[in-house]
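Each chain gets a letter, A, B, C, D and E, in the order it is written, and its residues are counted from 1.
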Amino acid sequence: MKGLIKSVAGLVAALLIQIFVPYVDGENLTEYPLGPIRLSGNDLYKILLIGLAIFWVILWMVSQKNKTKKKIYQKKSSRRLALGLALAAWDIAGSKFQLLPQPFFPGPAGIAQAFLEDGSAIWENTLYSVRLFAWGFILGAVIGIVTGVLIGYYAKAAYWVEPVLNICGVLPAVVWMPFALILFPTSFQAAVFLLVICVWFPVTSLSALGIMSTPKVQYEAAQMLGASKLRQIFTVAIPHALPQIFTGIITAEAFSFTNLVMAEMMGQPGGLGYYINASKAWSAYYKVFAAIVVMAIMFSLIKWGTDKLQNSLLRWQKGVVK
Amino acid sequence: MKGLIKSVAGLVAALLIQIFVPYVDGENLTEYPLGPIRLSGNDLYKILLIGLAIFWVILWMVSQKNKTKKKIYQKKSSRRLALGLALAAWDIAGSKFQLLPQPFFPGPAGIAQAFLEDGSAIWENTLYSVRLFAWGFILGAVIGIVTGVLIGYYAKAAYWVEPVLNICGVLPAVVWMPFALILFPTSFQAAVFLLVICVWFPVTSLSALGIMSTPKVQYEAAQMLGASKLRQIFTVAIPHALPQIFTGIITAEAFSFTNLVMAEMMGQPGGLGYYINASKAWSAYYKVFAAIVVMAIMFSLIKWGTDKLQNSLLRWQKGVVK
Amino acid sequence: SANTSATSDSEASSEDTEYKYGEVQIPALDGALCGAPIYIAYENGYFAEEGLDVKLISADAETRKIGLNDGTIPITNGDYMYFQSIEQDVDVTVVDGLHNGCIKILVPKGSDIDSAEDLIGAKIGVDEIGGTPYQVSSLWLENNGVKANGNDAQVTFLPYSDGNLQLEALYSGEIDAAAIWDPVGAKAIASGKAEALLDIGTDDIFADKYCCFIYASNKVLDENPEEIAALLRALHKASQYINDDPESSAKIISEGGYSEIDDIDMAVELLQSYQYPTLEEFESGERDVKEQVQFFAEQLYDIGYLSTPADELIDRLYTKVDY
Amino acid sequence: MKNAILEVENVERIYKDEDKETLALKNVNFKIEEGEFVSIIGASGCGKTTLLRMIAGLDQIEKGNIRLRGEAVGKNNQQIGYVFQQGSLFEWLTVEQNIAYGLKASGQYKQKNQLVKEYITLTGLTGFEDVYPHQISGGMAQRVAIARALVNSPDILLLDEPMGALDSFTRANLQDKLLEIKHKNKITMLLVTHDIDEAIYLSDKIIIMTPRPGKISEIMNIKIAHPRNRSGSEFVTIRNKLMEKFALASEDALPEYVI
Amino acid sequence: MKNAILEVENVERIYKDEDKETLALKNVNFKIEEGEFVSIIGASGCGKTTLLRMIAGLDQIEKGNIRLRGEAVGKNNQQIGYVFQQGSLFEWLTVEQNIAYGLKASGQYKQKNQLVKEYITLTGLTGFEDVYPHQISGGMAQRVAIARALVNSPDILLLDEPMGALDSFTRANLQDKLLEIKHKNKITMLLVTHDIDEAIYLSDKIIIMTPRPGKISEIMNIKIAHPRNRSGSEFVTIRNKLMEKFALASEDALPEYVI
């Protein structure tokens, strides 16, 4: 019960401030139609606050059945309180009293406004980014794992690929851009290439590390049991390297995400990076922040997916590493 | 002897091609004064080739005295051969027959030309970049280690800082820029801040990981020997985490280097990133590449320094990790 | 040699000068020729004469905007790109004009495209969605009956953060036209691989109108209008100098390393085409900055790039400074 | 009767987890006299480590009393030395630095640094002063751990299965070393072990514990003169007696797995 | 005389390093008969592992001959099972999957998968089929390693100190298990060990090796009937004899450290 109150209290504070504290400059946000009703950013922000509060109430009810879940809920409640208070403070500083420099730091209602105003554009650009990211990331990860395994397993491959890896790893995107645009027929492919490059580097080097650290005795055990070289790679080297491969993939995720914005400045007709740049040019920072919110959600989802995959593939590790 | 011949052969090939293969468009590079003589990019390139060859001959002579060194020299000779041949091929494709798309990919002589033409400007901009990088990197690393130790040691700190870390870690530099510019009085500080942010994230998370993985028994051993909490942090937690701290620092190096270019677009009076952008405005890609060569050398030096430091601080690890 | 020698020059020449306004940062180091008066004012000591200890920096559009807003940068050169920002309450205003046309729309040499209508369905490369080439192209297209904005737009704009890559995309057919800044645009024409579909130096809509304005920080303007005035005086002297002697101007800029000029003749040609005003023109006010700002604001409002009518916005867009 | 250096009175310990409680120790009572060598022997999980940690002040004493020379033990008690089962050496310090750690931590390094050399000699580590832990064998590492615990001159040395991971040759060797140190420095030692032979070979007194909840089932005095012969008839008799007890006490409670 | 299943003839081995050469094995000759349990015992570094690896085909045979049922041994010889000292289990496979690995690798899993269950029962691992290696104790892990090596039905099982890292309770338990398996499956076993008691308890024949260069100093037949009593007089006599030999052979060559 204490956990629930703590969790929701912050949101309630945020909601009260949104409702009762007036705008210092009497700012009026335009209302936009959303289905049958008309909403302003203020309304949407309020709805989101209430929605989140309801979600936490439901979560609390579900968690009551299980001691561990109950504990986790309780543990997280201080953070939730802080989040609510932060939103309230931000609302005051960003929207209500405009203490933050405007228009650079809009309040939460301002950002909500962007979704109402530009919802479909944001959605389309998100889809575009997802497509680009998926191509670049998956290709880069696959190529990275293959190269990593080759380097890790064959000393010859390491001898030749390592210097290339060391050079490519630090070349800034500026260098790759002309190369990519000239090499590939479409700029979409060029942008994918840019992402592939920046995923490839960490995935390769960490996969190689994982493969190299496989103890010789494990290969020998497999050999004594009749496993061929190829089988040894697939049933010994790769499973052993899997934790490091995942570390590489997670590093690459953050890294390629920051490069997505740059890739979308290379002749792409859309994407969140494109949208951010376009909005920034006209100082529509509330739209910039809206895009960032989308990116944060996207990143969380990707990370969540990777975590799930990792947990299921590395369940044998549970309890080994703290 | 075989190693020596192999090492030098590639350079000789590159030299012969530079001397005897004519430019397809009869390109004449301007000569610039260098001390008492006048040189063109072709001449400088030739001098560098010869210089490198002499260096390898000397290295070979030194290595003859020591079996291990001899072996290493021998082992590296294939790579050296490949480097020489690559230079030769690049000379043909980039300068002589101009097979690579111009002006994006100048040949080696073209890049050498940039150093003759613009040597002192490159040098000054390099110094500027070094200053910016040093500030950002050192500050970021120090703050990162301190935060990492706090997070790793105090669960409370982890509880509050971790969400912040997760968010900051993936926000692209684009997002930080306005924030940095508004927050800091001078744009130099803002640029430093940008670097600090991108160094801080990997150093913190890896330091924290290192501290957290310290076995409890080691703290207890120190406690039984009369060590205070503070002493435990400095003599147990930090030394134990040092390998991971270094991993963080090395990751951060590559990461912050790619961000240096961006930071220098933020109101800086110089720097290699600035130089690259200015050169690009006039399609002077040979200068862009010259700056990249400098950056590569700079990065190698920094990496070399880090390696030295790491080897001396982590000499207790020698032989533990392969 | 570039920056330090320049710095030491100005230090030597102005050792006895009292710097009334202290150190002033001006963003100019972007490699283009638009900022020519700034380099000239710097090199010829006009800034120092006005008591300004100027430090030149390189800054992208974003950095300039924020610097102006915060007052850390007093003035900058720029086009219509900040009109929308002013509408969004960024504390910036136009105070003067700088020069005429420096943007072109290029098509590959021998292309079939030779009018705005031919661009229907085309892909147009720009440096930045929302940037000046984007706005210029949109204005031109809409004026010539082609929809450039909105869901029913008849063209697609694609951003290329590097002008050279934009050209490469143009040559490879990835885009049909490139709205591009000088000097990249001018060089492309000189190389014979591209031709201009639109040159705003000569086009009816844009000719005889400023392309680059001088923007000032409202904050500095409130706190220290004298400083802005001093800056403008220095720039006017430089403008006059360029007008008088484009050859030595180009030489000064090249030798100072402000612009990596590799073709001095073209640089001279460009400087001339930009029609830097003379002191006389400034004083007579024959080139009415306010009127031109209003004109472009109206145009942008008409096509939907501004959502506030020009009349309401003009007081924020333009501020008269007495110098 | 000699002075009791350590008194354990009615000690009890319950581990509370999520949903279940484990009674780890119940009603533990014993005394150790000055200079004695006492072994605690019992199956895995019977609470030996828990007991030792409570004596060392690493775990809280919830019920009962533990007194060292009449005073209740608590945190940071430097009169107690502790040798952990394994992995407690500081990998980043040389052998010598590891041994000197306690003196530095307690600020006595200046006055007493000759002690470090002394213990290096005593534990037979001469020549390995500047070597790092990963470069030495398990047997040597445990000797370093012992030297490290001794350098602060504790009144009593607690050893938690210090030889569990060693092979039998090394083990025998280290056992002799331990006796040598004990006699030279007249130090009281309390050893936890799995190994019946080891307990008999070393101890004046063996405390036998039952598995969960850990209770003392018997305290046995060993009166064989040193050096003891592992194949001697006295030795074999005691071993058989102990073996029987264990077979009875923990037939199917043998520590087969840990999950 | 029974059939010799394994013949080792004049085997020699030199390790060539940077600047020095180590003569690891010299003039090694012995035979093992079908169904025998043979132990090799010797100080650390005397070349026991080297010898075992050569028999298994993991190291090259430079000089001499090793024949299994009359044929020279080579790579990928599935007639030989090998149990490594430790750390050879596949951490990412469950107990059952580890044991099934050999059958899958040799493509016999379809026909013979009931063997996996059989060996799980035989090694007493029932109930732990779906558990991962890090969740079980060292003793269980070695039983998994043994079951894994047996599932391909090798003619001979080589064991390289499989119990080195176990405590004495678990060790005794595993020794009995090993004998049980041997008798049930009539399998020939060659065990390398440090532990004299272990060798006596298990073997029909003990091969004693001298330290560097590793040579066979004696081969001793143990004729005590099973189950053997570790405190029995026969046992104690043999142990004393062996101890003496070792004291002579390796007084100051005791394995004190590895650098």
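The working rule: a residue touches a chain if its C-beta (ideal position, glycine included) is under 8 Å from a C-beta of that chain, and two chains touch if they have at least 3 such contacts.
Predicted, not measured: the structure shown is a model, and the values here were computed from it.
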Graph distance between subunit A and subunit E, where chains that touch are linked: 1
Copies subunit E and subunit D - interface residue numbers shared by over half, same or different: same
Most extensive contact between chains (C-beta pair count): B-C
Mean-CA-position distance for subunit C and subunit B (Å): 36
Centroid distance [mean C-alpha coordinates] between subunit D and subunit B, Å: 52
Distance from subunit E to subunit D - Cα centre to Cα centre, in angstrom: 33
Averaged-CA centre spacing for the pair subunit E and subunit C, given as whole angstrom: 83
Residue list for subunit D, restricted to those that touch at least two other chains: 135
Touching two or more other chains - residues of subunit C: 62, 66, 70, 162, 164, 168
Multi-chain contact residues (two or more partners), subunit B: 101, 104, 178, 182, 285
Subunit D - residues contacting subunit E, complex: 43-44, 124, 128, 131, 135-137, 139-140, 161, 164-165, 167-170, 173, 194-197, 231, 236, 239-240, 254-259
Interfacial residue positions of subunit B with respect to subunit D in the complex: 215, 217-218, 220-228, 231, 235-236, 239-240, 242, 314-320
List of subunit C residues in touch with subunit A within their complex: 61-62, 65-66, 69-70, 81, 84-85, 87-90, 123, 125, 128-131, 156, 158-162, 164-165, 168-169, 172, 174-175
Touching residues on subunit D, where the partner in the complex is subunit B: 56, 58, 75-76, 78, 80-82, 84, 87-94, 101-102, 105-106, 132-135, 148-149, 152
Interface residues, subunit B side, partner subunit C - complex: 101, 103-104, 118, 120-121, 124, 177-178, 181-182, 185-187, 264-270, 274, 277-285, 287
